[in-house]
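In this document, chain identifiers A, B, C and D correspond to the written order of the chains, with residue numbering beginning at 1 in each.
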Amino acid sequence: MSKPVCVIVGVGSGNGAAFSRKFGAEGYRVAMLARNIDYLQELAAEIPDAQAYQYDVTQSDRTAEVFSRIESEMGAISVLVYNAGAGAFANIDDSTVESFQRAWEVNARGLFVVAKQVIPQMRKLKGGNIVIIGATASVKGGANFTPFASAKAAQRSLAQSMARYLDPEKIHVSYVIVDGVINLERTRKAMPDKPDDYFMHPDDIAESVFFLTQQPASAWTFELDLRPFGEKW
Amino acid sequence: MSKPVCVIVGVGSGNGAAFSRKFGAEGYRVAMLARNIDYLQELAAEIPDAQAYQYDVTQSDRTAEVFSRIESEMGAISVLVYNAGAGAFANIDDSTVESFQRAWEVNARGLFVVAKQVIPQMRKLKGGNIVIIGATASVKGGANFTPFASAKAAQRSLAQSMARYLDPEKIHVSYVIVDGVINLERTRKAMPDKPDDYFMHPDDIAESVFFLTQQPASAWTFELDLRPFGEKW
Amino acid sequence: MSKPVCVIVGVGSGNGAAFSRKFGAEGYRVAMLARNIDYLQELAAEIPDAQAYQYDVTQSDRTAEVFSRIESEMGAISVLVYNAGAGAFANIDDSTVESFQRAWEVNARGLFVVAKQVIPQMRKLKGGNIVIIGATASVKGGANFTPFASAKAAQRSLAQSMARYLDPEKIHVSYVIVDGVINLERTRKAMPDKPDDYFMHPDDIAESVFFLTQQPASAWTFELDLRPFGEKW
Amino acid sequence: MSKPVCVIVGVGSGNGAAFSRKFGAEGYRVAMLARNIDYLQELAAEIPDAQAYQYDVTQSDRTAEVFSRIESEMGAISVLVYNAGAGAFANIDDSTVESFQRAWEVNARGLFVVAKQVIPQMRKLKGGNIVIIGATASVKGGANFTPFASAKAAQRSLAQSMARYLDPEKIHVSYVIVDGVINLERTRKAMPDKPDDYFMHPDDIAESVFFLTQQPASAWTFELDLRPFGEKW
């Protein structure tokens, strides 16, 4: 029961699964949250002390219940990795107000409501780690990324406000700017001509996410970028 | 009827009024929009060819009607100044999800729905100007500005996406980062010890907002900051 | 003799000439500085109250003499436009330490030594304007812009330090990020297939440079970007 | 002889020593460079396979000789940590052109000439790591940091240009923005009232520097910030 608890919000077969495996391998009890419970349960079976929770980050009114259940079933949360990140890639003509709002609900409001639940648990532990998985769109509003970029910018700002506010309480908030295409079945099919080197491996991203949670408190990072070595930027 | 039409969204007695007066003085027909119609009507009486429209930027479903009414009563919109900018200044503990959402609705979603209405009118004119009034919070998430900063970051990203997409159609989108305290009855009362020099004058801000709409198309600005000469930054 | 004095450092046939004409037309006595005195003298003949001074910004030890001569011949300097901006575009393999140093001497050290001379003259006038002509390279170190980008970054930082230090004395320091190709005989020949719209017109850039010097002191801009409406960014 | 070679440029008793110890402990042969050879030799005695080299980064003309000596004595360089970082903290009035130039020579030109020597050695190894120790001043030109900030901005831009150019060759270039006061005898004496928590520990900074050199190539960081948990920013 003394293993620390890590929650991964937004677990699909890519980054979320890699983060879950990494923290599991490093001695954490891992709570995995996603809308799709079936995949989560398969994954939970592979990782010792992992549990699956069905949760949609846009359902703000379920957040309190889910996170208090995690606390009572697994213990107070020590690490939160916020990996929910869907959002439409479209110019303003092709974006609807619904897609604009939904991207923000997933990326920004979802983080807000989850953080509100997690912070008190971390305070009980006198510290914790919140790592948010961002994207280049958080610092660049591309013409064809209107809903996603605006939502990611809102998320990054929220992460900054939290870092400034919570770091002095030893709750380390950090933001990872992922700048590349993740190696997934879906992306490989969509870009069949790209070489292996073009893609970012979730396990490699997980190394940096885990590292952020292990930094000593006199030298904490708020923001880092990650990209494959061959990426144009 | 050949005077160009300028819409100011978010007109109180400070910046919005100054922008309205400036564009009125420069030969525009000015449509002034705000929740509080009483003040708008007084102001409209002072400015030639100005009209007041009651409009709350969070009422997305009224936007189409209001902006088509402006078009039919005043003509196609040539300049939009988006000045709606309320939002809570609070750390995450003191912020509610409602305040977090409302700040975003006013600053980001409000701009999105207004832009969707205005862009087609500007296309009829083969060009136009959209100036968004931002704040330093758009580029810095302060510990005690959680809802406001996140909303302003979302707004600035949206402005960037629009600039990249619309500028090639000769619709000039620009973002003004206001970095100081506006000279208003309210702010002067709240900070009685500050000298005159501490405050930004709405008429002075209006000079730069107007200038942005007059830049020749081979040298357009997306972003500029404005602050009083004595401001620490 | 009561006309204000404007100094343009780095006057070729493009931006420097346009700035000189603009300030001349707006009622300034214009001191034009460049290495090549022949072109300057032709230009001086066209602009009322303009004078040409031979000056190479890398000759730090001549700076004091040149600027005191300007003061005695034309009066204390009210506006400085620093337009010297040469620098090699090359990757690190193709850059020499000489080209790396020279780019910095022109863009950064040159501004430093000129500012040291101009600031005391502006203090006599109880205020002034320093506008520095920068480039996108100042905020982005491209692979093939090593010497130029590093020099422009050094210049922009110097401009920021000066703005924070001098603005409270009513010496307004601002930085213009030019993001596009200037319309010059040379650039047109080098890019014969580009349409007119692709290029930035020096006269159009001059409008924004002049505007910066006219902003009222409660709403000063430090930084603005300029690009042609069709530019990809 | 098969241990990889790490060069630390700029080794005093703080960060440079900590980096040297860390890479030594992790199985690197460490070449330590500094102006003051006496301290280096003491330190070299403590670290297995470490060697001391007298080198002043402003002596560009000695660079080739020193780095070819390292290659022949220790082997081709696999990791470079550029830690030279002196520079005057002063406003423009109190800065001389000499101090402005010297700060740039140490931070920017020194990195340029060292990188020119190290890159060919890394190419022989088909890869390598260059980590540059920067500062907040690299992204903010404070009023009283004129020479230092301008030099650090020039350095950061150079690092960016190198990252974009060299990363595709598997030479990973990264930049660390140190945002805090280092825990040194000197700084503790200068700030006797500050608590332990206020200071950054060189060993803690070394953890992140080392981590950057170990990131897998599909997820490389260019830039990260480091600050103590209680720092205001």
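Quick note on the criterion: a contact is a pair of C-beta atoms (placed from the backbone, for glycine too) under 8 Å apart; a residue touches a chain by one contact, two chains touch by 3 or more.
This is a predicted model, so every value here is computed, not measured.
**Q** What is the touch distance from chain B to chain D, in steps?
**A** 2
**Q** Find the chain most remote from chain C, comparing centres computed as mean CA coordinates.
**A** Between chain C and the rest, the longest centre separation is with A.
**Q** Using the average of all C-alpha atoms in each chain as its centre, how far is it in Å between chain A and chain C?
**A** Centres of chain A and chain C (C-alpha means) sit 45 Å apart.
**Q** Taking the mean of the CA coordinates per chain, how far is chain A from chain D in Å?
**A** Those two chain centres are 32 Å apart.
**Q** Chain A: which residues touch two or more other chains?
**A** 164, in rising order.
**Q** If two chains touch, include that pair; go through all of them.
**A** A-B, A-D, B-C, C-D
**Q** In the complex formed with chain B, which residues of chain A make contact?
**A** Residue positions touching the partner: 60, 91-93, 95, 97, 100-101, 104, 108-109, 112-113, 115-116, 119, 137-138, 140-146, 149-166.
**Q** Inside the complex, what are the residues of chain A that reach chain D?
**A** Touch residues, chain A against chain D: 164, 167-168, 170, 172, 180, 183, 197, 199-201, 203-205, 207-208, 211, 215-233.
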